[in-house]
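Chain IDs A, B, C, D, E and F follow the sequence of writing; residue 1 opens each chain.
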Amino acid sequence: MPNTPRVKRLIRQAIAEDLGQGDMTTEGLIPETQQSKALVTAKARGIIAGTEIAKQVFLEVDPKLEVDILIKDGTEVKPGDVIARIEGKTASILKAERVALNFLQRLSGIASETARYVQAVKGLPVLITDTRKTTPGLRTLEKYAVRVGGGKNHRMNLADGILIKDNHIAVLRHRGLSIKEIVAKARHKASPELKIEIEVKTPEEASQAAEAGADIVMLDNMNLKDMRQAVRLVKGRALIEASGGITLESVRDVAKTGVDLISIGALTHSPKALDISLELELF
Amino acid sequence: MPNTPRVKRLIRQAIAEDLGQGDMTTEGLIPETQQSKALVTAKARGIIAGTEIAKQVFLEVDPKLEVDILIKDGTEVKPGDVIARIEGKTASILKAERVALNFLQRLSGIASETARYVQAVKGLPVLITDTRKTTPGLRTLEKYAVRVGGGKNHRMNLADGILIKDNHIAVLRHRGLSIKEIVAKARHKASPELKIEIEVKTPEEASQAAEAGADIVMLDNMNLKDMRQAVRLVKGRALIEASGGITLESVRDVAKTGVDLISIGALTHSPKALDISLELELF
Amino acid sequence: MPNTPRVKRLIRQAIAEDLGQGDMTTEGLIPETQQSKALVTAKARGIIAGTEIAKQVFLEVDPKLEVDILIKDGTEVKPGDVIARIEGKTASILKAERVALNFLQRLSGIASETARYVQAVKGLPVLITDTRKTTPGLRTLEKYAVRVGGGKNHRMNLADGILIKDNHIAVLRHRGLSIKEIVAKARHKASPELKIEIEVKTPEEASQAAEAGADIVMLDNMNLKDMRQAVRLVKGRALIEASGGITLESVRDVAKTGVDLISIGALTHSPKALDISLELELF
Amino acid sequence: MPNTPRVKRLIRQAIAEDLGQGDMTTEGLIPETQQSKALVTAKARGIIAGTEIAKQVFLEVDPKLEVDILIKDGTEVKPGDVIARIEGKTASILKAERVALNFLQRLSGIASETARYVQAVKGLPVLITDTRKTTPGLRTLEKYAVRVGGGKNHRMNLADGILIKDNHIAVLRHRGLSIKEIVAKARHKASPELKIEIEVKTPEEASQAAEAGADIVMLDNMNLKDMRQAVRLVKGRALIEASGGITLESVRDVAKTGVDLISIGALTHSPKALDISLELELF
Amino acid sequence: MPNTPRVKRLIRQAIAEDLGQGDMTTEGLIPETQQSKALVTAKARGIIAGTEIAKQVFLEVDPKLEVDILIKDGTEVKPGDVIARIEGKTASILKAERVALNFLQRLSGIASETARYVQAVKGLPVLITDTRKTTPGLRTLEKYAVRVGGGKNHRMNLADGILIKDNHIAVLRHRGLSIKEIVAKARHKASPELKIEIEVKTPEEASQAAEAGADIVMLDNMNLKDMRQAVRLVKGRALIEASGGITLESVRDVAKTGVDLISIGALTHSPKALDISLELELF
Amino acid sequence: MPNTPRVKRLIRQAIAEDLGQGDMTTEGLIPETQQSKALVTAKARGIIAGTEIAKQVFLEVDPKLEVDILIKDGTEVKPGDVIARIEGKTASILKAERVALNFLQRLSGIASETARYVQAVKGLPVLITDTRKTTPGLRTLEKYAVRVGGGKNHRMNLADGILIKDNHIAVLRHRGLSIKEIVAKARHKASPELKIEIEVKTPEEASQAAEAGADIVMLDNMNLKDMRQAVRLVKGRALIEASGGITLESVRDVAKTGVDLISIGALTHSPKALDISLELELF
């Protein structure tokens, strides 16, 4: 669970955003002394992710709430499964409800979508990875949800991997460098701690990149035939990643080409939120 | 365009999140003196929203970039339409690219989805509204994108409207209050500046709520028949809002019941990002 | 009690502002092991507001302090009444003292001033409200103090109500719009969740505004005779608010005109702090 | 002008607080292309302070506004005097108006109140100073306004001066230390860069404090006779400060006792805001 | 221990900086249920400072860790001395380790270096002080470490002392002011709470400064002979500070000239970190 | 130049830290209209790093200053070399001076120290790298300074590389895993984008680690003989890093063993600041 200071700050900002100057409905109607239990319940099938974040939202609003997570991140749920039970001041539960659910629904949506891709390539020696196409401000959490769903993370940010993309290559080719020279230049400049990945358009470029010592070769929007050819040329010398427009329908065919990694932007840029609700139990 | 200090802070945080300790690929490979033009281009059909945010991302990374917005928010685009042109230091453009696109693709996705709902009810006297089911930290922007797509905003946060929901009502009923007494209590407690909305389950409750002086009555997950009945009972005394599980398929039928407002959580919790790319032009 | 993340941030900033690099007097003179009790005591008559904020200041400085609030917000005190009792490390109490009192004295001053206005209109069907003339950074707390003193809140910020002021009207009139057209335009553009208020100068404008569907009509700096005329024309169609230069001396006469709301900027821009002190008890 | 990063942060927070999710009235009604001039005008007599802060508020909302300060901080104004002229996008001016005025009115109120005290002791060799009884978050600005009004600043925070107050003394006496030993201990512990001030209740204590080497002796709530006696005993060995319950009525008599400094909490905890308004000029 | 909100913020930022998106090694390898003890041990001789900060780092990462400080700040340690014992979740200890040690090693390095200077002047009536040459962001902590090492603090920041330096004097001389006039002007303008210090180049200037009423005279880069002469001329009228290029080798000779204060930039700008390590004990 | 939002925030915080409530000396003595030139000059030999940061400090204090960098980062300077020239308001230059120099002196100190190590291994196929032993809050800048000095960066933070250290290994061995199993587990869990490094104590462990597929093997505190043996066993299968207690005296001998990387904590935890000063030129 990525419980970093920046995640804590995001939680505080999200509560601030939703509370504004205070929950005027609850303050006006719910007695300060009223206590409740509440159940957080799945209303659709999927993989749960973000329970600890939801818990922190409740505790940030009121540290005296008791929050019991009943279903751990990574578990598959069906409608009616109780994910968490909260007990304490009713007003606090209601103030925290929407923000907690907004996190939980989004992250569970990502984990569920990832799991669908992972399931689609089951049995094949390939990893499903995310991209940097995440929601601004939520990358740490969204990449965590991908891991919960069985995926792997691609680069976290621009500092922790060298990825030479089409735009970089265009500039460098314009200055007369070959793929080989580009990779060599990157190797010379980069931290020895970082892997070097390069985006290529053809099997030939893939081969040149591997020969030049790239750690990962990204096949950008190639068709299946070219992918197979690239795998033949590169396999064993570098990791091979397929990228670009791959869907739940096409992912297994891509996997069968023999690539090592398949990166899917849609895991984080277009997931469907998982339906989850909170209901009070009075006592 | 919601150019608030908190939006500016979000932009800075999103850049920080993506840059980490710096763009190691670009710093290693692209000469500091290299200048480029770049085009931001639509790769799918949809409504554009967030161009000013994207522009601010580029300018936050490098205030010397020239950013020309060619297509204003709210415009419908088709694949190949150029949305913006950027000119300046290549390294700056590449550092800002992903964050700018992440904002632009998400907000355009929301505007596009909203526009589909608005289109679906065309000609009927009803408004499509959002909910508080927004991405944590992005509410101001996401609600702006809904407006760009032709929708209206529901409450911005818990302070700027009284919305008495099922959980509130459960507590108050448990303490012996009727719908009428609940609305009266809310009216007495609330700021006179705020509208009072209440969620009801039956046409009868809707009628009681209107009689008690609620400004808006929310029909929660009612079937079409009950909605029509509620409209008959309430129309003219309060605004009527339909809410809960309404889809692009069902929205026109709901609208035909005569409700004034239809709120759709999916506008912001599950939009599909609009595909948009950035390509350098060298010179 | 508006215990939002932004209020917590304000508390931290206020402590940082007062502590600087540390309390050099206390660190130099008071042994780390010294324990004390302290009493927070009223030294003047008034209404207490902000006890929970004061408590949070003490706990932010030292979470091990025991802070007992003896008098709840909204209570009237006289000199000598003990508001709170604190027990724990002497150095912590002394570090927190000034910031805690600065909050408590200011908020109690606002509550006390509000209560004087509310008392002045006792028995009349009118509400006393605040304005946006609050101290930068303290709005949430100052508006809370107004509620504690028996007042109601006007708009919290520019997003949660439509208030068409003289400057807006001047622009729109200059472009040829009538009061009626202005209100209609606002209604068309605004969220259906928001009330529409408009500032008017004459009873006739008030009547036009009500006819056009304004929810609230603000009578700006009108004399009593005009106010009575406006009330006659508008009553029942919209809420009527009196605003501008109303004092403790004039407020009852204004209330007798039949307006529904009286807004008073001085509640928050010029309150007199309530005198409150902290004294140690040694043991 | 205290243009520190923390002041800039306060300005951003104040704008955020007032804007919320955006100025819905202005966005709905005022065309983006509309340009205006606006005049900021005094509506009461007083000393202006905070013009640069007001200017920064306008520029933070829209860097393209032209803001001309016509009356410098420290100038006395009368009703009708134009303090500043702003030109640019109408919507920007209206969004910034309230926050800019809230700063300007409060700071001018403090400067005006300070000037009244300074005027009251005119011709006597005494300085009027503020205290730490400032509004949480605004200390830098409020202490600046005191200087604008002709006053001097007491300690900025707990780190930049040693002030041994009644509560410190109570603890140390309880442990058997004399005034002399307390001052000696403070001198030994404190940074040599800091002055040492001690609060005393009687002329005798004042004398002991001076003898012990205190730099400043604060006469706490003494009557005039005791003050005169304390001045006789201490003058020339330490600065003498009168403090506690001194009003505009009593300040000159206090000054005549011969004290060097008179500190007034009310300068910052209870000033009356100076009435200032903004009106658009259309073109 | 300077436990201010800004120090707490620095701790959070330092953890954020080191954690990035999470400790991928520990998350991948160490079971969530694994518990450990850990010992923080000195590996070199020196003075310990910053134990409370290190403790806060561990608690910020995981509030459930038990952290026992065994050696208080200011204690001299030798290799093998156990400074603290931590018990709890292994993963939490490992996540916090580096940041905690980075603080502890740097602050102990400063305290150790200070103690060497203090030791070097032992028996002489002189104080060793720091300067404003501190690491950006760490001043509060670094100045605390100087105090721990037996030194005194010079000015904390530009607001809490008047220090007229060579560049100020150059400007003012250029405008025709003498040292005496400069000091007089400073006295007139400054808060009466602040001491006035002036930097001088010659014994004659030192004497003029003292005569003009400076509280502290700083002898800038003078040779020993000039220092002795300056002490003769100034002693008893103002504190005398030696500054500029003083080393561990020369400091005792400087002290013997009779100056009251010796300020050493190197205490904070070039300390050698004290070697300290953390080792797990498994159970 | 790592011009990230977090670096900008650090600059603002450092200015805030040094300014406090304002530069009282400069505000009291230097006329607002006074203009100056200033030269930033080296006073010792070394490699300059941080000129852009220093420039940003000046511009953050006053955007109207003209700051010309005359010597680029990475240049070797000798006493008297002019690094930058600033022109504008004297008061602004003096307010920014200390913070700008504090950054510049520290970063240049790190670059200079790094360059000494790089020089010491000149001609040998080895890279000098830093560690995570950086000053809290300054890592981005300090790692940049290492690059300026000719070094390479080790991991930026805990998320961007897998480094299995002695404490991890102890836990996993305690649970019965071999080096081989540990590396395999790490490979299975980690992102495919990340390199896997493992710390070993003996040549045999080094060999096992390489065989298990580690990308980098860190030889922890080995003697030269063991290093040579480890190199023989591992070379060509993984990068080899020497770490622990390596000094300027020993570094060349270590390099001659054939290791690929030598990491040096002292580059960032104990650098000596480079002496640099700012002098005004009046006109």
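Definition applied: a contact is a pair of C-beta atoms (placed from the backbone, for glycine too) under 8 Å apart; a residue touches a chain by one contact, two chains touch by 3 or more.
Fair warning: this is a prediction, and the values are worked out from it, not measured in the lab.
Common neighbours of chain C and chain F, by the contact definition above: A, B, D, E. Mean C-alpha positions place chain B and chain D at a centre distance of 44 Å. The mean-CA centres of chain B and chain C are about 31 angstrom from one another, to the nearest whole unit.
Those residues of chain C in touch with two or more other chains are numbered 6, 13, 19-22, 139-140, 156-157, 159-161, 191, 194. Under the contact rule defined at the top, the touching pairs of chains are A-B, A-C, A-E, A-F, B-C, B-D, B-F, C-D, C-E, D-E, D-F, E-F.
Interface residues of chain E facing chain F in the complex, by the touch rule stated above, are 6, 10-11, 13-14, 17-31, 34, 36, 38, 90, 94-95, 97-99, 101-103, 105-106, 109, 132-140, 156-168, 170-172, 174-175, 182, 185-186, 189-191, 194, 266, 269-273, 278-280, 282.
On the side of chain A, the complex with chain F involves touching residues 127, 129, 152-156, 159-161, 191-195, 197, 216, 239, 260-261.
For chain F in complex with chain B, the residues that touch the partner chain are 2, 4-6, 8, 139-140, 143-144, 156-157, 160. In the complex of the two chains, the chain B residues touching chain F come out as 12-13, 15-16, 19-22, 60.
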